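Report on one structure; see the data block that follows.
In this document, chain identifiers A, B, C and D correspond to the written order of the chains, with residue numbering beginning at 1 in each.
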Amino acid sequence: MLKTVIIGASGYTGAELTRMVADHQGLELSGLYVSANSVDAGKPISELHGWLRGQVDMPLQPLTDVSDVASDADIVLLATAHEVSHDIAPAFLDAGCVVFDLSGAFRVKAEGFYPDYYGFEHQYSEWLDKAVYGLAEWNAPQISQAQLVAVPGCYPTASQLALKPLLDANLLDTEQWPVINAVSGVSGAGRKASMTNSFCEVSLHAYGIFSHRHQPEISAHLGQDVIFTPHLGNFKRGILATITARLADGVDEKQVTDKMETAYQQTPLVRALGAGKSAMLQSVQQTGFCDIGWSVRGQHVILTSAIDNLLKGAASQAIQCINIRFGFSPLTAIV
Amino acid sequence: MLKTVIIGASGYTGAELTRMVADHQGLELSGLYVSANSVDAGKPISELHGWLRGQVDMPLQPLTDVSDVASDADIVLLATAHEVSHDIAPAFLDAGCVVFDLSGAFRVKAEGFYPDYYGFEHQYSEWLDKAVYGLAEWNAPQISQAQLVAVPGCYPTASQLALKPLLDANLLDTEQWPVINAVSGVSGAGRKASMTNSFCEVSLHAYGIFSHRHQPEISAHLGQDVIFTPHLGNFKRGILATITARLADGVDEKQVTDKMETAYQQTPLVRALGAGKSAMLQSVQQTGFCDIGWSVRGQHVILTSAIDNLLKGAASQAIQCINIRFGFSPLTAIV
Amino acid sequence: MLKTVIIGASGYTGAELTRMVADHQGLELSGLYVSANSVDAGKPISELHGWLRGQVDMPLQPLTDVSDVASDADIVLLATAHEVSHDIAPAFLDAGCVVFDLSGAFRVKAEGFYPDYYGFEHQYSEWLDKAVYGLAEWNAPQISQAQLVAVPGCYPTASQLALKPLLDANLLDTEQWPVINAVSGVSGAGRKASMTNSFCEVSLHAYGIFSHRHQPEISAHLGQDVIFTPHLGNFKRGILATITARLADGVDEKQVTDKMETAYQQTPLVRALGAGKSAMLQSVQQTGFCDIGWSVRGQHVILTSAIDNLLKGAASQAIQCINIRFGFSPLTAIV
Amino acid sequence: MLKTVIIGASGYTGAELTRMVADHQGLELSGLYVSANSVDAGKPISELHGWLRGQVDMPLQPLTDVSDVASDADIVLLATAHEVSHDIAPAFLDAGCVVFDLSGAFRVKAEGFYPDYYGFEHQYSEWLDKAVYGLAEWNAPQISQAQLVAVPGCYPTASQLALKPLLDANLLDTEQWPVINAVSGVSGAGRKASMTNSFCEVSLHAYGIFSHRHQPEISAHLGQDVIFTPHLGNFKRGILATITARLADGVDEKQVTDKMETAYQQTPLVRALGAGKSAMLQSVQQTGFCDIGWSVRGQHVILTSAIDNLLKGAASQAIQCINIRFGFSPLTAIV
């Protein structure tokens, strides 16, 4: 049993991680932590997330001494704010823990990315270099060797899983940037009080137009410029991405279908729905699946890709990475 | 044209009042105010409430000098916190303004009520004595003479409009307290950032069990003990109250129907739906109506009563009171 | 491995049963059936319920020959319409299957109940006599011996689990009927096209006032008259029941708390939240739990009870009954 | 007072038209009609749309004799199915009525459009030629002379109002087709029982990919190919369109802003929000407004456009057309 701690356990992703680690027969949930000055320190996690009551009632401990926690942990899951992950991951890594970071702190290696999009200078370029991007269906070989896995963001997961098979096979006209419109549930903004997330203020709208930090994350890992427009939807969980792209000359629907189906033939958590099919949010909410549909007319392809933002877009993808890294069966604690 | 100012205009009720005053042919919207230290001071109200854009773009002014505002106002609408209303209403009243207070500061005359339920001692017993309770369909004669109208709370409006015809006619067994279960939309909690109102935290539940301040408001004005259990629902606007009561000996459905229909024959904003009918939230949302249905079996009656909490439960009832007080046609700016 | 068939598998409850039977290590999912003339016959269940895709893609077969199906089944789950269950259960029983009926066809033994509330005369009084009511936390000894288990309705489960500890301990004043107000998600009405369930028509309202068939089911099994008012809520899943009752003379909060906590000390799927606590819908949605809170003031107690209507109110309670009947560990395939 | 009849008054758009015609000081609501075999014939409209109770309780009459109805009407509003409008509009027109058709029957003049997208051959090419497309802010001169106004569809209204100022000014690169992603509330599918609209089946998804009939309507009237992908959202009312387009060489944000603001300076129902602003669904729901925001980076522009699908996307735009046609003040019965 690998001793596993979750840092930032009080949030929505933290709670999902908690349940999955507790369910995982190869992992031992050995600690839940929140920041030292959190109002939630000391409370059982089930007081914040009532659905966990009777399943996991472990207290949320204040994270006061990283090295102390690190000394007794094999695996560290960071469900912390970006800058917090940046600050504390190295200490866990130096202590020999295997770290799965669900923040954006180690996802993108491009110069200038962190100051521009996260507002801080990255101090750990060595670890940034070593970090493996945890897009589980595509990077398993690297993940299996990594000490630091940067689990992808929710929008990037939905977007890349749809586009990657076609880009890698050169089926797209790369001159015309794919247009990614995506709608996320409110839980994507985290568990906190804010006017933006206030029930009566939530209504469908686009935000972060041309400026969302997931745009460069998607572009960097795809090696393709894209236009990415996120939206807030009036639901709690899930992401639906609708992607419009121009096909390379002469590419037809059959080629698209072949690539999509081949790409995901061996990866049960990505369900290639088939040509003419459209992903539905409801089919993936509360699951670790990604559903992808596609349609072709003339020179254009439209892809739809749906995930649960807290699971395939965060917690269950982290567990996928753990399963790969430590040789557990791929679906352990997920399906 | 009567000069009308709205204090506390930034909230949901304030915005509804703003629209109705602007639409009212007998009123001139002469100022919108927020507390002196509000982050919203200086912004146009339509920046907070985008639907008002192009209709009312008046700025929200900081309320720094009550007497200055009072000197140029005929009518003052207080959509402020309870203690703020308590503190500032007297200055407006002393300046000769007619005040319509939408808070709880002047609704209940009972000894000990304010310390117990609002956490402050009432300092203005004289004004509390003079205040008229603005349950528009029932208290029109007093409202027409009042200088201070305490507009009823949202739950009390829905509850009293349903129960009052039967209680006044002695049709209920008063020994068994009527059981009022009511579900409110989230806007009832006001426009603010809080965990409770956070989109992902909202799900149907009861709160304030045996302890909500609207229970004594209802009991005091009905002259009848009741059990009142409020609930938060996963919708923005509206209240549905379901009321179970025991009938006095020998009372049958026909008597109930007669009283309900007679009570509201001349009051177009209360729609008596008839025996066997059930009020639907959707029929009253965004309207100034109260819908009431009732059913009788054996010794019991079940009443359902639906209003929009921001309108009939707040803003439009205040406008009804203005219409009564100043002799405007009853539905002006409401339907 | 016990061969298990599900009749009526196309509905929402049928889909949940399908997943749980497929997950259950002691059961073999050996067939999914729909009525012979269903438009869904022949389709994989995952075409109707996209979330099952890749997990259970078994086809929905038309039920043409009950004895044929019965001859190869150990366990039969009936998620069928009431009259269908009534008509086909005996053939399964006569063939020796153990039948778990999720309809109302075998729940209530009272004379006149079926014509009055279900619109048909019951033809199988012998099986009705033998049927055991599957309220899992209370009737385990009888369930463990039964050939026919009538799994309780969703409202009755939420209501009885809250009231039974207090009634059995004579803590309530039985002269004043407990008032049960409950709100159900729309899935309670089943998977079908109807104006009532149409998205734009759904808004909170009471229905079946004084006439819902779950009222006599609750009363019969509690041995206590109650007033039960169901409501439709604007959410997909879950039931919240708020119950107001009068305590017997001299009963105080401590006695209530003792009984509630003792009653559910050994039953992990009922979570007694404690005095002053209120059940939240969100904590039980998508789970097999029932959460119960209670508050006492003076002579009154208010209980709140929340379940997922499709799980604890239907499918997972059926699995609990299977676990009891066949000696599996109580939480198998549920938590 | 112009005598106005509404055909197809039982639907959601019909109900909105009913309220607006009843409120309009220049119109007399002289009849509400449904198809001759409708189950709703004979019922008061307020029985179907409870919010109208006490405001308009006029019965829905079966439409048995068009010429009879036509003989006593000045204005006919057709809120009927496409083929029904096609079949009955000519008789009203021949009788001299001015017809405002809210269906798709007279919107597009292109050859082959009706068989391909609506499944019927158009029989009235003369009326199709004469029909004026009722995009109110753009076609006022023609509307003011028309006998037949084809009121635009909901998606086309949101899309064209955003794109037209830029296309007309040649600010877009027309080689790269604008990508329109739009999400509609469920009321767009009409008032009817269907599995698709069933509450529990509704979740965000794209539909009609590459094949929706509003794509050619948009393209035809803009004179520009577009890629249009409609989505169903989990809300009752409103449309949000997010449009991504490539700017013509050398075009910058200032030029875009100038054109957008100039275009809608005199049209109060279109609110140009400004550069960097994003339209919010909530700001336009239940209103006759269209809100449009835009952002530019490099060679791309992203426009967001929000309307209420039943009002600016149907009923209130029809009233705008009536106001233009008969010389009423532009906002009569709308704001």
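In this section, a contact is a pair of C-beta atoms (placed from the backbone, for glycine too) under 8 Å apart; a residue touches a chain by one contact, two chains touch by 3 or more.
These numbers come from a predicted model, not from an experiment.
Engineer: Find out how few touching-chain steps suffice to connect chain A with chain D.
Structural biologist: Minimal hop count between chain A and chain D: 1.
Engineer: Would you identify the chain whose Cα-based centre sits farthest away from the centre of chain B?
Structural biologist: A
Engineer: Going by the touch criterion at the top, tell me which pair is linked by more C-beta contacts: B-C or C-D.
Structural biologist: Looking at B-C and C-D side by side, B-C shows more C-beta contacts.
Engineer: So, what's the distance in Å between the C-alpha centres of chain C and chain A?
Structural biologist: Chain A and chain C have C-alpha centres separated by 37 Å.
Engineer: Quick check: how many Å separate the C-alpha centres of chain B and chain C?
Structural biologist: 40
Engineer: When the centre of a chain is set as the mean of its C-alpha atoms, what distance in Å lies between chain C and chain D?
Structural biologist: That gives a centre separation of 46 Å.
Engineer: At least two partner chains per residue is the criterion; list those residues in chain A.
Structural biologist: Within chain A, residues 201, 234, 280, 282-283, 285 contact more than one other chain.
Engineer: What residues of chain C sit close enough to touch chain B in their complex?
Structural biologist: Those residues of chain C that touch chain B are 176-177, 179, 181, 183, 201, 203-207, 209-210, 227, 229, 231, 233-235, 238, 240, 242, 244, 276, 278-283, 285, 295, 297, 300, 302, 304, 306.
Engineer: Could you please specify the touching residues of chain C with respect to chain A in the complex?
Structural biologist: 50-51, 53-55, 268, 271, 273, 280, 282-287, 289, 291, 335
Engineer: Would you mind writing out the residues of chain A in touch with chain B in their complex?
Structural biologist: 12, 186-187, 191-195, 197-202, 234, 236
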